[in-house]
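The next block holds one structure in the form of structure tokens; read it before the comments.
Each chain gets a letter, A, B, C and D, in the order it is written, and its residues are counted from 1.
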Amino acid sequence: MLHAKVISIKRDNKDVFTLVFDSKISAEPGQFIMIWVPGGKEIPMSLSSTSNPLAITFRTFGETTRTLATLKPGDRIFFRGPYGNSYPKPTGKVAYVGGGTGLASLNSMILKYDGDVFAGARTKDDLFLIRDEYKVATDDGSLGFKGTVVDLFVPHLSEYNYVFVCGPEPMVKSLIDRIDKKAKAKIFFSLERLMKCGVGICDSCSINGIRVCKDGTIFELQEVLKMTEFGVSRRTESGKIEFFANAKR
Amino acid sequence: MASISTKVGNFSIENPVILASGILDETSGSILRSLRSGAGAVVTKSIGISERAGYPTPVISEVKTGLLNAVGLPNPGIDNFVEEYKDFPEKKRTVVSIFGGSVEEFVTLSRRVEAAGFDKVELNLSCPHVQGVGSEVGQDVDLVEEIINEIKRRTNLQIWSKLTPNVTDIVSLAKASEKADALVLINTIRAIGVEIYSRKFALSNVVGGYSGPGIKPVALRAVYDVYKETGKDIVGVGGITTWEDAIEFFLLGARAIQVGTAFLYDDYRIYSDIKDGINKYLDSEGFSKLEDIVGVMVNNAARKGD
Amino acid sequence: MASISTKVGNFSIENPVILASGILDETSGSILRSLRSGAGAVVTKSIGISERAGYPTPVISEVKTGLLNAVGLPNPGIDNFVEEYKDFPEKKRTVVSIFGGSVEEFVTLSRRVEAAGFDKVELNLSCPHVQGVGSEVGQDVDLVEEIINEIKRRTNLQIWSKLTPNVTDIVSLAKASEKADALVLINTIRAIGVEIYSRKFALSNVVGGYSGPGIKPVALRAVYDVYKETGKDIVGVGGITTWEDAIEFFLLGARAIQVGTAFLYDDYRIYSDIKDGINKYLDSEGFSKLEDIVGVMVNNAARKGD
Amino acid sequence: MLHAKVISIKRDNKDVFTLVFDSKISAEPGQFIMIWVPGGKEIPMSLSSTSNPLAITFRTFGETTRTLATLKPGDRIFFRGPYGNSYPKPTGKVAYVGGGTGLASLNSMILKYDGDVFAGARTKDDLFLIRDEYKVATDDGSLGFKGTVVDLFVPHLSEYNYVFVCGPEPMVKSLIDRIDKKAKAKIFFSLERLMKCGVGICDSCSINGIRVCKDGTIFELQEVLKMTEFGVSRRTESGKIEFFANAKR
């Protein structure tokens, strides 16, 4: 277990926080850490900055993320990692497509490689890490395009050479269903699943025998297309198969 | 090239490298991947009567010499398990690990497993023992014997009895497993991990099971003791991360070996790495088949049960 | 700077780093060297009634995660021991380890040790137990209790009871050691080593004791279990090779620690390395004395015996 | 445990053998290995050559050395090491003083640094690794000087800048007793004691708290002078103190 000092913590919106910390680990864009609240749980968290200083950006979902949000500069965070593979270096025209907290993971890339950023959220207030030049979609139209970020992005796919996508599984699934599988762009997806170990041994994050934590988290379109379970079913903490609402089985 | 096929009880296996229970075997997809990656056989994550979420994270903690885990036996329960494996194509190469708190639970699980078309169970006897305070089912010699005898009487399954090293006398557990087709040695060793800067336990469950390189010398001793005293078919497990480790287990009497924590260091390459190594060793040391080295270090005169 | 002095039973020690029995303590010259190199105290190699040469070499075998040894309790016997230590200047910082096969042997040895001017004995209970086949004296709860009670009754020595981890339930051994002034946890774990190119056992005695980094998680669990259940003074030992390891033991309830196998990696620097580390840790974590961290991780409510 | 192939084995005299073996370990002159006869004992043995190929030179004392003497080219030897410190690099005029099997340890130095070699043995037939230019002493005068190698060497001490001595403890002790402690020469001794572990933890080789296996085996004169037990008493396998015959206590 590693530990590091919190440099700063900033509230990005009503329930999203960016915590900057001082650590000498070297990480690549797209990698994640397992962050631990001593005495409490350990959860996977993408690095939203992989150059010094490092950062994570998280939504307060439950106990662990709520506790992380109470940390102050000088406090310690505990973690292990970084884990997972990383986004490849792009060439040509680049697009980033993020939904939900997906932008956190993409942000480490955006800081390194210029590109057009498509960001989606339910409402204006749910957005975070947003800059003026980003193309924004909100479900309620309170900012930018009214609709999903998938609706906003899909028509533009043919303009790009590299596309990086991160977001909730149903969003990613709908994007994959709607795009031209033969588009010239190389499309990479950062996936998220329940993760207990983070190091590829517990099987809790596996999709058709592919471990999100160790074989991923980043997969190219063709790899995701082979995952027949993707967007259809996932595993609960017990390992039981659970189907996504509205998933075509 | 030497033959590395082996036989454990009546189970003929093309190669002696088996996936241990609890590592990358919670989903049928991963089990198929191991078989395709070169495992001779696989053992499933331990299945109980009803669904269990397991313990909250942290459920693993790496230490210098291996791994501590307290995953807490998460499993979908036997109903969901049977459902998931309905059309599973590799039932004969898959040993279903089961756990329970009583003889009846073990028998019920075994019958369900048999009805689902499997023919081998591995008994994970590490469940908390309701009668004994703080002890495990697998530490109670009489209970172990009764569980095995009852499963034998009421099913046609082959039984692998997986023993705990957390006892004064593992040989008496092996003797209690007389009717089992094979013994699997060893499960994890009870241990604890501490994080000194937060002064908190490394696992949510405080106490966990220790696996990986650090337990190999203890596992070897268990295999040696049990093989010498019983001569039974043994599957060796505990800290095997290289082919040299595997050879050590064979020389002391194991007919096959399982790998678990090795995935941390070698991932899916572990199967071919170990198989290639065994092959090269047999060739260069002048043996024509794996069987020729099984137990050779254990003096036949000193070994009972043959 | 924080205070790192400690107290084990009535024994006040300037620092908590103690030399473990069996490592560099067969000769009085080496014992003095350890004390001069910064050990808070030392434990002698275990002494028995009569002279023993020990086992033939190989008596040690290094493994990746530690050391296997079967030295075979070589010792000059109590007469020669008393003779060598006649004018020894450090009797108060030296704990004399004794071993025997019966209550009477332990009492005889204790009385000789006391008569020789020492005031502390450590009981090495790992001797083969004549009554029990293949078991050790230290695995027999009743015998352990009787040995300790008799030494207490017939001498004024402080008694450190060193327990074996090769049992199902170490807590019951700790409870049997009720009258001891301190518990020393743990002795080595039974294990085996194999050399695959000669297909021979790595130790002349075949089975040996496993020590070093690989046993630390098991030792920590023993300290935790025993401290929680008994609250007794504990000296932690088993796989301590860095100051961080030492801190882990303190947090779980050890009041002092012993180092043995660490000499393989750090040699005589081990004393200052651990002491310096403890000091820095206490300072940077804001503790003024070692005592403040002893057992802090073990919930006081959950701990009996206080 | 390491293992290596025997390249050759040569009988140097009636009971001394030199075994050359093929190993990639790197060793310095003066170091030793713990050589193991599988199923039998493990014993300390100096390397009589530390440059490729390595060698040991041993007298057949008991079971272990007798078994080693039966090995054939192509057989395996098993060992661990090298252990111990090494002889320092000399400058100026160098002398080597060897008695008994002491010449085995010195030989690795002699191969590297020129010097005058003084070798002693009971009789002509007990000598080994001898070259014509060596100054030889035999107890019975059957070759060279009649007397001990100490008798032969001591008068010449003042001629040397560096002296390396290896031999049985009583011989070394008598040399030390008879030389000028203020001689200009730097004098180094390779000591031998009962060794069980070879790695500095069992205490069986210790002299006044100094371990021959790890603090040595090579010590400078001043260090040996501080060892009040040297040449006086040693430890048996039980750790019991045993006095040398004729030792001044």
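By our rule, contacts are C-beta pairs under 8 Å (C-beta built on N, C-alpha and C of every residue); 3 or more make two chains touch, one makes a residue touch a chain.
Values in this document were obtained by computation on a predicted structure and should not be read as measured data.
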How short can a path of touching chains from chain A to chain C be, counted in steps? 2
Mean-CA-position distance for chain D and chain C (Å): 36
With centres defined as the mean C-alpha position, give me the chain A-chain D separation in Å. 67
Go ahead and note the Å separation of the Cα centroids belonging to chain B and chain D. 51
Per-residue overlap in chain B, given as positions that touch at least 2 other chains: 197, 199-200
Draw the chains as points, connect those that touch, then say whether the picture is a line, ring, star, complete or other. line
Full enumeration of touching chain pairs: A-B, B-C, C-D
Chain B - residues contacting chain C, complex: 63-66, 68, 135, 139, 166-169, 189-194, 196-197, 199-201, 206-207, 210, 213-218, 220-221, 224, 244, 247-248, 251-252, 281, 285, 293, 296-297
Which of the residues in chain A come into contact with chain B in the complex? 1, 3, 34, 36, 38-39, 41-43, 76, 78, 80, 196-197, 199-204, 206-211, 214, 229, 235-241
Counting only contacts in the complex, chain C reaches chain D at residues 23-27, 29-33, 45, 51-54, 56-62, 71, 74-77, 80, 84, 195, 197-200, 202, 204, 260-261, 263-264, 267
